[in-house]
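I'd like to ask you about the structure that follows.
Chain IDs A, B, C, D, E and F follow the sequence of writing; residue 1 opens each chain.
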Amino acid sequence: MKLNEFCERMERIAPRSLAMDFDNVGLLITPDHDEIRKVLVALDLTAAVASEAISGKYDLVLTHHPIFWDPVKAISIEDPDTAAAYHLIRHGIGHFAAHTNLDACKGGVNDVLASLLHLIDVRPLPPENLGRIGSLPEECSFGAFASFCEQAFQVRGRFVGDPDKRVRTVAVIGGSGGSDVKAVYDAGCDAFVTGEMKHSQTLTAEHFGLNCCVLGHYETEFPVLKPLISRLQEEKNDVQYDLTQSGSTPLYCL
Amino acid sequence: MKLNEFCERMERIAPRSLAMDFDNVGLLITPDHDEIRKVLVALDLTAAVASEAISGKYDLVLTHHPIFWDPVKAISIEDPDTAAAYHLIRHGIGHFAAHTNLDACKGGVNDVLASLLHLIDVRPLPPENLGRIGSLPEECSFGAFASFCEQAFQVRGRFVGDPDKRVRTVAVIGGSGGSDVKAVYDAGCDAFVTGEMKHSQTLTAEHFGLNCCVLGHYETEFPVLKPLISRLQEEKNDVQYDLTQSGSTPLYCL
Amino acid sequence: MKLNEFCERMERIAPRSLAMDFDNVGLLITPDHDEIRKVLVALDLTAAVASEAISGKYDLVLTHHPIFWDPVKAISIEDPDTAAAYHLIRHGIGHFAAHTNLDACKGGVNDVLASLLHLIDVRPLPPENLGRIGSLPEECSFGAFASFCEQAFQVRGRFVGDPDKRVRTVAVIGGSGGSDVKAVYDAGCDAFVTGEMKHSQTLTAEHFGLNCCVLGHYETEFPVLKPLISRLQEEKNDVQYDLTQSGSTPLYCL
Amino acid sequence: MKLNEFCERMERIAPRSLAMDFDNVGLLITPDHDEIRKVLVALDLTAAVASEAISGKYDLVLTHHPIFWDPVKAISIEDPDTAAAYHLIRHGIGHFAAHTNLDACKGGVNDVLASLLHLIDVRPLPPENLGRIGSLPEECSFGAFASFCEQAFQVRGRFVGDPDKRVRTVAVIGGSGGSDVKAVYDAGCDAFVTGEMKHSQTLTAEHFGLNCCVLGHYETEFPVLKPLISRLQEEKNDVQYDLTQSGSTPLYCL
Amino acid sequence: MKLNEFCERMERIAPRSLAMDFDNVGLLITPDHDEIRKVLVALDLTAAVASEAISGKYDLVLTHHPIFWDPVKAISIEDPDTAAAYHLIRHGIGHFAAHTNLDACKGGVNDVLASLLHLIDVRPLPPENLGRIGSLPEECSFGAFASFCEQAFQVRGRFVGDPDKRVRTVAVIGGSGGSDVKAVYDAGCDAFVTGEMKHSQTLTAEHFGLNCCVLGHYETEFPVLKPLISRLQEEKNDVQYDLTQSGSTPLYCL
Amino acid sequence: MKLNEFCERMERIAPRSLAMDFDNVGLLITPDHDEIRKVLVALDLTAAVASEAISGKYDLVLTHHPIFWDPVKAISIEDPDTAAAYHLIRHGIGHFAAHTNLDACKGGVNDVLASLLHLIDVRPLPPENLGRIGSLPEECSFGAFASFCEQAFQVRGRFVGDPDKRVRTVAVIGGSGGSDVKAVYDAGCDAFVTGEMKHSQTLTAEHFGLNCCVLGHYETEFPVLKPLISRLQEEKNDVQYDLTQSGSTPLYCL
């Protein structure tokens, strides 16, 4: 597949116009050749993912988080902000990022979360429409819902709220959703599933009596990758897409 | 004790000049009387802490985090940013905050952490000198150190790094220390103990091969409160200082 | 009357959408109970007005100027910017402000001024539409108009301009109107009645040959309060509204 | 006298280094010849002062307020901010301004005010040292002091405060001093004499119980002009200095 | 002709609404009389042009570049930014500027350039529509086109690009056009004719393979002046318009 | 030579501390190996210089202008701001820039210019000390000096000023010096030699009667490169330094 075609396919899946203004998305590093045969898919462009791309002779790395966040004025192997870029370019491999556009798009990060939680009547969460709101098929206690989340995501979570309260309407925001606690509360949700919340945000949630499941930044964004690959494979399929073996979260429990 | 005397005693313990420029510390709400007999001590001025102060007829609430962070133009019961202030004032109770000055001062948040970890040769962590660096009495593996941290803080932590690496020099920053990963690495530490790290900060730590123990914002700041009370009681002691019963972290594991 | 109903009634009288962007209006301090029986009405929430509200057991103080102008990070009895707020909250009394929305609204500050001056064909003063323009029923000299203003407002004014010039079209802006001298001149007015003008603004008025009556900030805003009370009483009237006894201007002549 | 010599003489009287950062002082319009024989002295460079300078064939107009405050991008006869500059340049007349440096300098605006009020032990008012503090030769009531002010300045003033309070220590700031109410109070003064105060500043003064005499912007700055002329005449005196006939305040009482 | 009529005629030729936001155009110095009989036309209001206007008893100087670019707070004979303004005002002569509106308007700077180069199918250059794009009547080599430019403008130019490349579509921007290199390239042009390019802009042009003719800021703006005079003379013609004798570019070759 | 040693040698020649605050200097792209054997030296890192570095198997490109000026968020082959960086990294070649530190340092850009012009008593040009002032061995006319400049730099220049004026004191600023016209005039120079001046800067020079030689940005910076190579070769010399064959200015005369 031509590089061009790949970019257009991604545009159809996660249109650039859905990205937030401050975001950095699209083809951030040009590959040194036009023909794309192997694409490595990951959340982050870490040194390990770059190494995997190099040893696996990939043409492109497709990630959720863009390789550059703050703009740079030098490309150094020593600097964690530019080392992976250095290695990719050194080996002629390109990089494409779909970040907040992949959060917000149909079938994106948050639709996948909603689906993992079996939510029904799923709709965008105002005001930014990155997250989703939906209903549980059956009302249950927050304690039961919390257990269900740990099973669904195969993770040990942390929780805010009352295990005995009843839960029906649920909001989901993959990654860092803590700044939306008030928006979720205003939307009338009984529970909020997200990846990361700062200490002060948990206090705000407690103030509003909003039940929260904090399941990990990585753990709530990773699930989108397989469905994303499936959608990329739907059309003409002469490209091999592989999920990274190396890009797991650095955070572990004992 | 006169309010005035209390403020001077706090100034000796955690001098205002140690606070960061952006911080908001000192007597943030005046009590409606000058005589201080009961002081409630907590990390945060939540609604629950305010209620405890009211029902316990406290004169003052002394906390680590200031009651106002962003400045306000209205005081509303509904707004989580102003509700606790409302209730304190309504009942004539004052509020005193010692935040980054309590992090940085001798015997403050980070000295207490260093002590909990049995660090020796403890010194300030450049460049801001809020945190501390010290050495373990005996070198050990990071895996062993991580277990020791969970025991010392009585908490289930999350970790970044290689359990087999040897650890001797350790940095500690209570609360949110993730933005100092590079500073800790540059200071030549083998391990970094802090409360909160964002996903991207864990990736930076992994890049530098910096072993990290992420033990909870609340859990790494709470330990300072008892020693702080002891120091307040050292001099003339006609005030009753009580540790809050209600201000624990809202975040729990199942 | 429920607090809610009161707020809605004020919204009908002086809609929030009429306030300037930089303004701070609405319910700025929540009362600690929901039932409103007594409302004290004043221009400013001074310490004296707060005392009157406390001793008179009012539920709410309704003022033209908001209690907070610059946002605050502490509530102190010593600080003139927060002392009145402290005392109100301490006694469970709320505060509602209608400022530039009360200037601009139908029947507001400037309509009342226009009516006191017997203006006819009254219309908003561009470009901000806070002030009003109208015509005197009969043309007269500026000297005669100036005397009439002193009688109408029962105040000793200061004046800019030529007593012999003829006056027909008049602009009014309660409070500080000096920054609108050019706008008033461009609107083709013969005279401008306002509360406060800075020295440099009087020079601008003199340059344009614009006759001005400077009658006092307090004196040109106070007249709205009685009509405002009447309008609040028009509908279902289970609330007692009282004009403050204490909030007069501190500025006096010998 | 050469233009150069005149500028140096002014520099000795009111050194440029005493001016506030935001100020605009010195030779703001070059005269079209180098020999200075007649200088017109005024507070403001109004159209009337410019006409007087033209008809009187002056070489220079020396004022307290600078002819340009906000910087300009056009010089138009119609615009009050540039008309006087136009006329001066058109007739080859120069303009020199001594503003906050004349407030602060020895023998300047505020020393003259202190002298008019017979203050003794006169010293600069912190923190900006533009104003002055001093003591009355004999303590008196604020009512008596207020009457004395009206006589000393030959003006009808407005006043804030309690006529029965005793006054000994007095602060003076010519022109607009209202923003220094807190500084004057902190300096321990019993009374504050200034030219202009905004409504909200009178409320602050009332809050602190600070007695204020508000005597007019023009009236509190004009007295410096005669002593300034005397000092200019002290040295070699081949220049005729005239006080303007036309530049009085536009504000009058009926 | 009345001043007013002159301004209206210029408004029809180069409407103010076409000027860029940051620009300073229109009647920037009022003449001291209302009747306009002689207008001097130049690119810049230099000291020499001002002298010519004075000795030739002109009523107005009409230029492309405005006399004030950065706003000023003093008018000094010594300062190159204000000296010409001083001299004009001193002699009662006005100044009118038509800058980016004269670049963009029909028959303006860039239309005249296009015409000098015999371009056909001339249209505005996106995105700002100041410049123009057009086609050569016949394709030629860039080397031939460069020679033709030197003849058409009677100037020794400097050039970027390959003399052998074929040129058909040409963009023109009088004055400093270097910041539009990418816009010209994106518009599909074969060559770009402008006045000034910075070193780094020539490198960008070389990167894109964009052939450029750099003919001088003055040389590419001066040609508009004669056609501008002709258009001013089209209607009722009681004004004498003269092209300056003195305002040539200071830059010369040996 | 180790990369490290090379960087230290450059630090001794052009210390980083001499660079302006806004500049971007030092090792901007890491080479992918530590041993430096061949260094290509040029003014700019253009595509052509990058190609030459690649085909010549250089380890490092040393330039005056940094490869990144505005910070970047993507590295694209299509973008002129990042293409050269892409190609260097792709081939494992590093990049080191010495910009305003090379202007200011002893033996740097401006010392070399001074030497080319045979200036004596050479000293830094205030206030920034990037440029140099010096005296000609013998006074001459500006016309003769201008001819001498064209010979010394082997370039056709452009000039501002009077060929008959006498020249003794000369200022030099390589590259874009036009913004320093006033500083050069204030320093009392008779002539100013620089690379680039904007049209408005030539008018300012003409106003001050400052004679200027405008010799080309490239032409006034290029001369430093050979002496820089010599200095790099002075010490232990196991590195081959080559002056680029390809990086000449894109600007040519017909």
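The working rule: a residue touches a chain if its C-beta (ideal position, glycine included) is under 8 Å from a C-beta of that chain, and two chains touch if they have at least 3 such contacts.
Just so we're clear, the structure is a prediction, and the values are computed from it rather than from any experiment.
The set of chains in contact with chain C as well as chain F is empty. Relative to chain E, the most remote chain by averaged C-alpha coordinates is B.
Should one ask which of C-D and B-C has more C-beta pairs in contact, the pair is C-D.
Residue-numbered contact pairs of E-F overlap by over half with those of C-D, the repeat interface among B-C, C-D or D-E. Superposing the C-alpha atoms of chain A onto those of chain E requires a rotation of 120 degrees, given to the nearest 5.
One simple way to say how far apart two chains are is to compare their mean CA positions; for chain A and chain D this gives 65 Å. Centroids of chain B and chain D (each the mean of its C-alpha atoms) stand 53 Å apart. Inter-chain spacing, taken between the CA centroids of chain A and chain B, is 32 Å. Annotation for chain C: no residues touch 2 or more other chains.
Taken as a graph of touching chains, this assembly is arranged as a ring, one closed cycle with exactly two partners per chain. All chains form one closed ring of contacts, and listing them from chain B in the direction of chain C gives B, C, D, E, F, A. Partner chain D is touched in their complex by these residues of chain E: 24, 26-30, 32, 66, 68, 70-78, 85-86, 89-90, 92. Taken in their complex, chain B has these residues touching chain A: 44, 46-47, 65, 69, 80, 83, 143, 146-147, 150, 156-161, 175-176, 195-200, 202-208, 214, 217-218, 249-254.
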